[in-house]
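After this come two complexes, each holding chain A, first together with chain B and then together with chain C.
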Partner chain A sequence: MKKIYLGIDVGSVSTNLIAFASPEEMLASVYLRTYGQPIQAIQEGLKQIVTLLGKAEVAGVGVTGSGRALAAVMTGADVVKNEITAHAVAASFVVPDVQTVVEIGGQDSKLIILRQGVVTDFAMNTVCAAGTGSFLDQQAARIGISIEEFGPQALKAKNPVRIAGRCAVFAESDMIHKQQQGHSLEDILAGLCEALVRNYLNNVGKGKEILAPVVFQGGVAANAGMCQAFNRALNIEVIVPKQYNVMGAFGAALLAREAKLESSSFRGFELIDRHFSSNGFDCQGCANRCEVVEFREGERVLARWGDRCGKWSNAVAV
Partner chain B sequence: MKVTFPHMGNVWVILKTFLAGMGLEVIVPPPCTRRTLEIGVRQAPESACLPLKVNLGNFLEAKSLGADTIVMAGGVGPCRIGYYAQIQREILQDMGCDYEMIVLEPPDVHLSEVWDKLKYLKRRPWRKVLQGFILAWYKACAVDALEQEVMALRPLEAKPGLVDALYRKAILQIDAAGSKRQLRKIVRETVAEMVALPRQREYPILRIGVVGEIYTVLEPMVNLNLEKRLGAMGVEVVRKLFISRWINDNLFKGILPLPSHHAEKLAPPFLNHFVGGHGWESVGDTVAFARQGLDGVIQLAPLTCMPEIVAHSVMPAVQQATGLPVMTIYLDEQTGEAGLQTRLEAFFDMLQWQKGKRTG
Partner chain C sequence: MKNKKLRLGLPRALFYYYYAPWWETFWQALGVEVVVSPPTNKEIMDLGVSLAVAEACLPVKIYYGHTAWLAGQVDVLFVPRLVSVEKKSFICPKLMGLPDMLRAAVKPCPPIIDTVINCVRQPQEGLAAAVEDMAGRVGFRGREVQSAREAAQERYLCWLERQQMGRANGATDLTSASAAGAAVSETGKPGLIDSAPAQAGSLKVGLVGHAYLIHDRFLSMDIPAKVKKMGGEITLPENLPPDQIALACRQLPKRLFWTLGQKIMGSVLSLIEQDSIAGIIHLTAFGCGPDSLVGDLAERYARRRGTPFLLLTIDEHTGEAGVNTRLEAFMDMLPRRYSA
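Right after this comes the complex of A and B.
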């Protein structure tokens, strides 16, 4: 039986899992919506991995994404890494001489600068989510096209309209205005892509030196309109890797492999059928009123987090 | 007269001693918590920077404990702190919250401005006031001596949290202490206990300098316990901002032989003059940290802080000239800690990666 490495990326919008025996050959890749329920998403993802591969022996598990703490406790992960590192590792595996990674996901966007294979600088969006996947989703839904059609439609544009990209709310009112003026849908979509790229370069890029090769990854990289807008704005042909939407999970699995473990602390595929639950309560210990999260398997408390003083999180051995 | 003052890290220990030495009844506001922030934010103008809002929260919480007079710091430089006291006074007045506000700030015209205010406050002979001041000074030194130990030992301890527990206990002892001798004993014994704690490593994995605006650097509630987070990752935090050094630099004009910032020597050619707040010092300290061979620098500032924005804008040049990575973090009302944690972890990985490349 093959020994596989698992990578799990629990993001705000999507939960992705990948499995490989050697990183050159991806055995399984699962892309799921999180729908605000990371526990169910992880279980569903693992179920699909089992369906695809059978109950393979797991040599290592890496987790990343904003839900990494929960995923780590739940699965018994060997490596828990932040998204920036995971994405950088994945990108430099796919394109070894990569100097810039543009990653745009559901709720956040990142820019990672690498030189000679080492991360030298990075940035994440801070105050604005205008350029991220959720906003594109929302606009596609408003116009009544599927997100899959968005890119191809934008590519047909002859004369992209100018849309203010500083703020999602203003971008939307600008779009509506242009629509009512009678501009074609293609031109508006392409204009929106250009606005979002400008927003990204101003808010996240902020004067950082963007050099080729540029790898563009994350769910939004599926949008051909966004790729074209980046190509034009940077004057560089961006590279979209084949696994663009699961690069975080891929990076996490690579890190698990790099850790060269004797044996994995993975808690087994049985956890698909176990009952996990989480609930929160406000600690009344002081005026901080920390929102403590309690994570349980059946009746047993696996972990608590969210307290500032450590009163609860130290109470359970993790 | 029951006096209170705003919180900034452990400064309460020092101010309490000083004001009590003047013969005043002192009401220390409850420690800064999310509640403090919430009630401050509710009353303050949205575009004001964070310290003003948290201060307001402190005043309102102290009011419910019976305080009727505020001793507030001011300033005459380009930083907005010069306006704080005035705005806060207006806000409190509008709310119908009855407070007298006394603003201690560097004299604009004549030294007598400060003198008159102190004379107005004091209830005991000057000799007693001076004694209180000297005791407060020794407390500042004791607190900072411990703080430095804590920063060096956090990354080494086997079970994160034990050093901090001893530290918290010692701060309360320092608060209660009444003589230099007692203070020495507290520091000596606490350090011995901290050093004896079980360790998981003998050297920190990385050493990161912290620079920036003094309030965000010194108040853990506002910087979301940045130093504790870094310590738990195995990072030794190094900084040049300490309250005792601040007193020495600003009140004693640097006559005591304590380490100082020397921005005037280090910050040029990146930044050639004072820009308000600690902007100049942030740049100078970053250069100093590069020379000390630290692995990276984190700059902290409240969102919209003008002096630090100026410093931020020259940081890329400092970074390029010294090769020292700098990450700037703006702090505001948000209490979501995941974003900060992710950035810290990513910065940590990046520095470790670079370090590995240099040595390996």
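Right after this comes the complex of A and C.
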């Protein structure tokens, strides 16, 4: 039986899992929509891994993404890391001399600056998710084309129109306006890509030194229109890794492998069939009224979080 | 009308975190009962957000909440109108307008002592006039005001000195005070964050921002404690000697307009000169006008010097997950970069 490393990235829009025995050879990769239900997404992901690989022996599990706390408790992860580190590790594995990582996901966009293999600076989008995948999704749906067609369509543009990319709401009204004026769909889609790239570079990339090689990853990297817009704006040919949409999970698995564990604390593939649930309540202990989340397996409380004082989270012995 | 039982409300927000020892000592020396609102909690925040104008920054909204919390239980509120606390520099206009904004929003509103404090031209005279006015509003005059002022000044200077040494929090603990629902601060210490003594192997990080953000554990989501848990040893603007901050500001081509902005800018400029500082975190409130300029300026100077700089913007909607990710990634990056 093969010894595999698992990487799990529970993001806002997608939940990704990967498995490898050695990082050069990815054995399985799963990309799922989270649909706001991370527990189900993780179980479904693991189920697909089992379908692809059989019940392999797990040597280590790394988790990342905004749902990493939940994923860690649920699976018994060995390494829990933030997305910046995970993405940087993955990108430097694929392109060892990478100096810039552009990552655009569902609700987050990140820019990571590396020099000599070390993260020296990073930035994430601030309070607004204007330039991220969710917006592209929504616009594709509004126009009535699938997100897969979005990129190829945008590439056909002859004369991209200028769209205000600062705010998703304004961009949308701008797009509708341009449509009404009779601009072609291709030109509008390409214009939208350019607007998003401009927004990204002005906000996230503000003042950062973007040097080649640039790796472009995250779900949005699938969009050829976005790649082309980046190439033009940066005057650098961006590299989209083969596993662009699971790089976070890949990085998490790499970190688990780097940890050189004696044995993994993975709780086993049996957890696919177990019943997990979570619910929240407002603690009445003081005026802070913390929103505490309780995570259960069956009846047993596995973990609690969200309290400021530790009254609930410390009360659980896992 | 020397009423020994006069209850004076002091909102635990904004300038409370800069002048609490002075104010509390002064009023107490005059025999006034000082009622301080509890540390910010969800109830106070919700109250503030519902009362305040939408475009105010979160700390101002919080101030509304503290005032509203106090309104029903005190005879008079102390909300001085701080125009300027030093020569040629000003306080943010949103903060100058507080007494008027509160009167319009908090109903019913007890009388407000809204003494103007303006030291922009003649600091000594400005301060003296302000002290006389605020005491006069509730009927105190002459010698007793003078001696209360001296006591307040002494406490204040002593507190500043301890802040600089990083020991200002003493035994006061904000969270325990809130758990007990204690409204009156007996010691008068605003329970500041302790910059722990150096530990071997810890990373020195500068944490800059307005004191009313950093020291309000609810607002700041206890970022100082988070940084410490991740192995950081923090230096705050209060820990630096004021003349060092002022001196550092002189390298700017033009004098900064805002007192608090100078504090942040000067702290950053003097921290980036220290080789032992591995990185700087700037905590700011969404919608803060002065910070949008000062923060950007500070970041540019830090970048020029090669010091990693993390900007964290806090708003009422801010989820802890996003802040944690950024902090974790920043603290992860520092040691690798520092040793490289």
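The definition used in the following text is that the second predicted complex is superposed on the first by the 317 of 318 C-alpha atoms of A that agree within 3 Å, B and C clash if a C-alpha of one lies under 4 Å from a C-alpha of the other, contacts with A are read in each partner's own complex, and residues count from 1 in each chain.
What we mean here is this: a residue touches a chain if its C-beta (ideal position, glycine included) is under 8 Å from a C-beta of that chain, and two chains touch if they have at least 3 such contacts.
This is a predicted model, so every value here is computed, not measured.
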Looking at the overlay on chain A, is there a clash between chain B and chain C, or do the two fit? clash
After superposition on the shared chain, which partner residues are touched by A:Arg142: those of chain B (first), chain C (second), both, or neither? neither
With the two complexes superposed on chain A, say which partner A:Val119 touches: chain B (first), chain C (second), both, or neither. both
So, does A:Gly310 touch the first partner chain B, the second partner chain C, both, or neither? first
Need the overlap of the two footprints on chain A, from chain B and from chain C, as residue ranges. 66, 81-85, 116, 118-122, 124, 126, 207, 286-290, 308
Along chain C, where are the residues that touch chain A in the complex? 38, 41-44, 175, 178-179, 181, 217-218, 222, 286, 299-300, 303, 308, 313, 315, 317, 321-322, 324-326, 328-330, 332-333, 336-337, 340
Using the touch definition from the top, list the residues of chain A that touch chain B in their complex. 66, 81-85, 116, 118-122, 124, 126, 207, 286-290, 308, 310, 314
Residue numbers on chain A that touch chain C, as the complex places them: 66, 81-85, 116, 118-122, 124, 126-127, 207, 285-290, 308-309
Contact footprint of chain A on chain B as seen in their complex: 30-31, 33-36, 161, 225, 316, 325, 330, 338-339, 341-343, 345-346, 349-350, 353-354, 357
